[in-house]
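Listed below are the structures to be examined.
One chain, subunit A, links the two complexes that follow: it is found with subunit B in the first and with subunit C in the second.
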Partner chain A sequence: MSAPVLSLRGIVKSYGAARALDGVDLELRSHEVLAVIGDSGAGKSTLVGVISGNQRPDAGEIAVGGRAVTLASPAVARQHGIASVFQDLALAPNLDVVENLFLGAELTRGSFLDEVSMEKQAWELLGQLSVRVPSVRVPVGALSAAQRQAVAIARALLGEPRVIVLDEPTSALGTRQTAQFLTLLERLRERGHGVVVTSHSLVDMHAVADRIVVLRLGRVNGEFDAALATQEELLAAVTGVGAPRRGEERGGGAR
Partner chain B sequence: MLRRVGTDRVTPGSQTSLREANRARIVNAVQQRGSLTQVELAGVTGLSPATVSNIVKELVASGVLQTSPTSRSGRRAQQVTLARNLGLVAGVHFGARSLRVALSDVTHRILAEERMPLPPEHRADAGLDRATLLVTELVESVDARLDEVLAVGVGVPAPVDPATGQVSSHGLLRGWDGVAVPEVLGGRLDVPVHVDNETNLGALAESRLGAGRGREHMLYVRVSHGVGGGLVLGGRLFRGRIGAAGEIGHVSVDEHGALCRCGNRGCLETVIGAIALMESVRQSHGPLTLRDIVTRALSGDPGCRRLVSDAGRSLGAALATVCNVVDPELVVVGGQLAQAGELLLEPVRSAIESRAILSLAGPVEVVAGELGPSAEVRGALALALDHVAVPGAGGPA
Partner chain C sequence: MTTLLSHARHRVRTAQLGLAGPAAALVLVWLVFQSLNPAFLSADNLVNLTQQSAVLGVLALGVVIVLHVGQLDLSVGALSGLAAAVTAVASVQWGWSQWIAVLAAIAVGVVAGLVYGLIHARLGVPAFVFTLAGLLLLMGLQLRVLGPTGSVNVPFETWLVDLSQRAFLAPAVSWAIVAVVVAAFAGTRWYDRARRVRLDLPVEPLGLLLGRVVLLAGILAGVVAYLGTNRGVGVPFAALVGLVALTDVALRRTRWGRAIRAVGGDADAARKAGVPVRRVLVSAFVLSSTMAALGGVLATGRLAAANQGTGDVDLTLTAIAAAVIGGTSLFGGRGSAWSALLGVLIVQSIATGVLLVGGDFSVRLIVTGLVFAGAIGLDALARRARSG
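Let's look at the complex of A and B:
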């Protein structure tokens, strides 16, 4: 099996007297969707903040591809191949899809913008993600919430990151849009990225994740193989009923 | 207007009743196959081209059918479909790990479709909630209203009692046992709902719209997360006593094999189902999904190729037994594993050939499904359409 592309050891982060993360270990492989679930206040957002370089942990080690790193800022995290998409998406609604994708990283040909190549790449990327947009020349503001989100994710993919971090991506989506997003997650996995996704929707995450880590009060309260875990076990871990357990204890085989 | 079918009775054997029966034949044929030329209609119904032409003209005038010019082998022809404005139908397919919903008009033209991954061992209540929301959102997306939906067809990955619409198995689909889908979903959408087993619907779709067109006797197998099958005999879906006909996934192939979710031991599904395949690559390749296995096999990974061809051999061995019993004209293989194409089908054929009865006509033909992952949802749409009462068709088929 491949070495983890991202690993966190003993991450601690406090806000004053409140411990948001209390010794969290996490491993992510490429070609894997890792879901982090938990109630509000469990530490999901802080964990995502640490991985994306937005928050510095008080203690603990982070390694990318086996090398210890310090993720001092989102820019540093991106240099290490970690791209993040947050709830606000950070898109410019009045610019079109191509302009948003290449904002600040425009392709040029001589001293001119290479619109043709950019448009071609945009279609390719959206095609790979099975994203349906009417045109890459419509302003992003005119797209649906799921389409906007797909554009934000496509933009994150342009630097070919090893790790993609998605924070609460389904919270603002309708059922159909959630369906499209979950299918998109499967595509990301097929492209070989390691994906960390946080959500409080247990059912959605159970549907697409390979592994599920449950956070509770800043600690890992269970790690599950999604194909083998039952919803009762996941719920118990989220709410804190029953003892914490690790997924590896569970036997394999057809059930 | 659509659901009200003419009730005034005519004397049997009279000219009028004959004409009415012919009209019903034509409408039913168009309803089942989506679109046909007038010449094909004559072939299918056994009526003379002149009669077909007259009746079609009459039905176009009364707004039931519509025609458009087309060509068949270089000749001009009239394509006949149901009138688009008759309404919409929805198809819902619950697979072991995904939900697919499609919306079509009465001519089998798909207007909108969506797929959603589902968690393992999903529950009926949550699943039917999602299906309700998806159908509603799809209807809105084509600027229609829910009351324009004439019927909904639903496929579930377990046997369904044809009489009651209840999931009739025990333990095959935990969380769905005994659920009466027509009542639950019909109650939420306020539309008539018809249910069948997913592979029965796949068989129906492939036989009418896909690889089995024009064949009388066909066996369809679906190899995906689970393994199932459906039988079309004499052009009609054969469901059996509790709707479990064709459940090839639970044919016992190894008396000392692994325990199956159905409670028996060594079922075909415990050998070639997704869980078994994923388990056998885990040691060498790490965790892979069924899709990954197929993709890697196609791109030349020796381990995954071996896994797929072994699955084909086991499948072929089980199919040979079925072929000896029902002697179909055609075996259609669908489901995710069938995306591996000849890698799977070649070993299936040779395993069947070495076991099935030798015949002068040669071994049974084995082909991949034409409708791919949409076969089951297309079948759900066809099921719904079969239950739509079209004026002039003489009631639901």
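Let's look at the complex of A and C:
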């Protein structure tokens, strides 16, 4: 198997007395969709925050392509090839689609913005993802929730990142839009990205992920091959009732 | 064409007018005062109007930049007063060369902006709170610099006074500037359009492009020709227009301007997208304060003096009113550098118009206040239309 494109070792993050992450290990390969599921408060958002550079871990190591990195900010993470789609999408509502896509990474000619090239690339990118918007020059605030999310995902793709992190991408979507989104995820995998996606929807993730990691109370409470895991096993790991942790079976079952 | 029309109608209904709104308001104000007093639109009065607009315009431009990041600086007037005091006192009483005095005054602005910017970026306190503290501090410093007499006159035969009061562009220079600006505008528009055609992107109809060029040429030529029947285009006013144009290009066509608007729209989103939010905020405050100081320098030249009344509180309020009346949103992220110019012309037109029809300062304040309130209402309506 190929070397992991992203690996986390012993990540710890506390907020005051509360431990949001308590020694989390994680590995991600390219051409892989890794789902991180768990109950509210399991630490999903914090984990995404750490990977995206939005939050600094208190302890632990992060390596990208085998090289240890410090992800001091989302911008730094991006430079290391980790692009994130935040749950709040992090789009400026007053800027139009092109402006948001290239925000912080604008193309220039001399000291001026190269609007023409940016607009061209914007159309191409949205076309590749089969995203429909009325115009790339409407303010993002005027778009639907699904369109906004597609814009955010397109922006994540711009620098051809190795890793794409999506935080709760389906929470704001309806049924049909969720189906469209899952197709989009498969397209990302085909493009060769490593994808980390968090969700509290077991069904959605079961359908699209290659591997599923279950977080519970800030710890990894099970890692499953999505093709083999049953819904009951996943649910048990999420709630902490019953089923044993995979990989610890030999050691004597449940903790 | 019908879609264009319905689009325009939608924008009018939802108060998303861009610069067309304030431009229409300016025309309306002019028509009202012209009907009350035929001297209002005389070339002589309009030259006075442009001359009086320079100081307030530079201040309003600074306000526009800070409004773009969603903040309000309540001390721009006081800062201009301190800058005026420094300019006058340093050049007259301390015997500094006037150039150095002016540079010192502008440096005061840069430092004040740095302090404001760092406070805001580091502590996240809304600017209208700590600039209120700055207002008191700066007023105190202004009184201290002016000393016990409270007023310092600047000799008429110095370049600053000459520039502010008596310098007008030669007709040939005015026309040359008009020609260059129109050519540059048409050239860049045409070049962009050609690139878009080549890349198969949607383009505006050629007629529309031509229309824009003709409109710009018409406005510029009209202003230069009409003011030219009197004293012409004053250097301070020309400088204001140039400064506004530069700021407009910086806001719309540079990465810095994009970052400014993004921070004003959603600072957290901008940070996550990799925009250096703190640096951008500091730059906005530095620019705004520098412009306020520059306004104070121009005010010194215009009055040939600096006193305790230079940069009064009502100057700050009028500058903010002008920026908003000109169409820059109080809610951040939306507006235009040109709103400083349009807003100041509206506010100054009201000021001179009220005088011409025999009204006093009270009438001027009331009318300006009402127009300001109307602009705030439209701003709020437009915001609701966007989010709803």
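Here is the rule we use: the second predicted complex is superposed on the first by the 231 of 255 C-alpha atoms of A that agree within 3 Å, B and C clash if a C-alpha of one lies under 4 Å from a C-alpha of the other, contacts with A are read in each partner's own complex, and residues count from 1 in each chain.
One rule holds in what follows: contacts are C-beta pairs under 8 Å (C-beta built on N, C-alpha and C of every residue); 3 or more make two chains touch, one makes a residue touch a chain.
For clarity, every value in this text was computed on a predicted model and none was experimentally measured.
Asks: After lining up the shared chain so the two structures overlap, which partner does A:104 touch, if you call subunit B first and subunit C second: first, second, both or neither?
Replies: Second partner only.
Asks: Examine A:183 and indicate which partner it touches, taking first as subunit B and second as subunit C; both and neither are also allowed.
Replies: first
Asks: Touch check for A:139: first (subunit B), second (subunit C), both, or neither?
Replies: In the superposition, A:139 touches subunit C alone.
Asks: Classify the contacts of A:92 with the two partner chains as first (subunit B alone), second (subunit C alone), both, or neither.
Replies: second
Asks: For A:230, using the defined touch cut-off, is the partner it touches subunit B, subunit C, both, or neither? Pick first, second, both or neither.
Replies: first
Asks: Between subunit B (first) and subunit C (second), which, if any, makes contact with A:75: first, second, both or neither?
Replies: Second partner only.
Asks: Between subunit B (first) and subunit C (second), which does A:30 come into contact with in this model arrangement: first, second, both, or neither?
Replies: Touch status of A:30: no partner.
Asks: First (subunit B), second (subunit C), both or neither: which does A:46 touch?
Replies: neither
Asks: Between subunit B (first) and subunit C (second), which does A:170 come into contact with in this model arrangement: first, second, both, or neither?
Replies: In the superposition, A:170 touches no partner, neither subunit B nor subunit C.
Asks: Can you tell me which positions in subunit A touch subunit C when the two form their complex?
Replies: Its residues touching subunit C are 52, 54, 73-75, 78, 84, 86, 88-95, 99-100, 103-106, 108, 111-113, 115-117, 119-120, 123, 139, 141-142, 155.
Asks: For a test of understanding, state which residues of subunit A touch subunit B in their complex under the given definition.
Replies: Those in contact with subunit B are residues 1-2, 29, 31-32, 174-176, 178-180, 182-183, 186, 190, 203, 206-208, 210, 225-231, 252-255.
Asks: Subunit A touches which residues of subunit B in the complex?
Replies: My answer: residues 97, 99, 114-123, 126, 130, 133-134, 137-138, 141, 258-261, 269-270, 273, 275-276, 278-279, 282, 286-287, 291-292, 295.
Asks: Using the touch rule from the top, collect the residues of subunit C that touch subunit A in their complex.
Replies: Going through subunit C, the ones touching subunit A are 192, 195-196, 199, 201, 249, 253-255, 258-259, 261-262, 264-266, 268-276, 332-334, 386-387.
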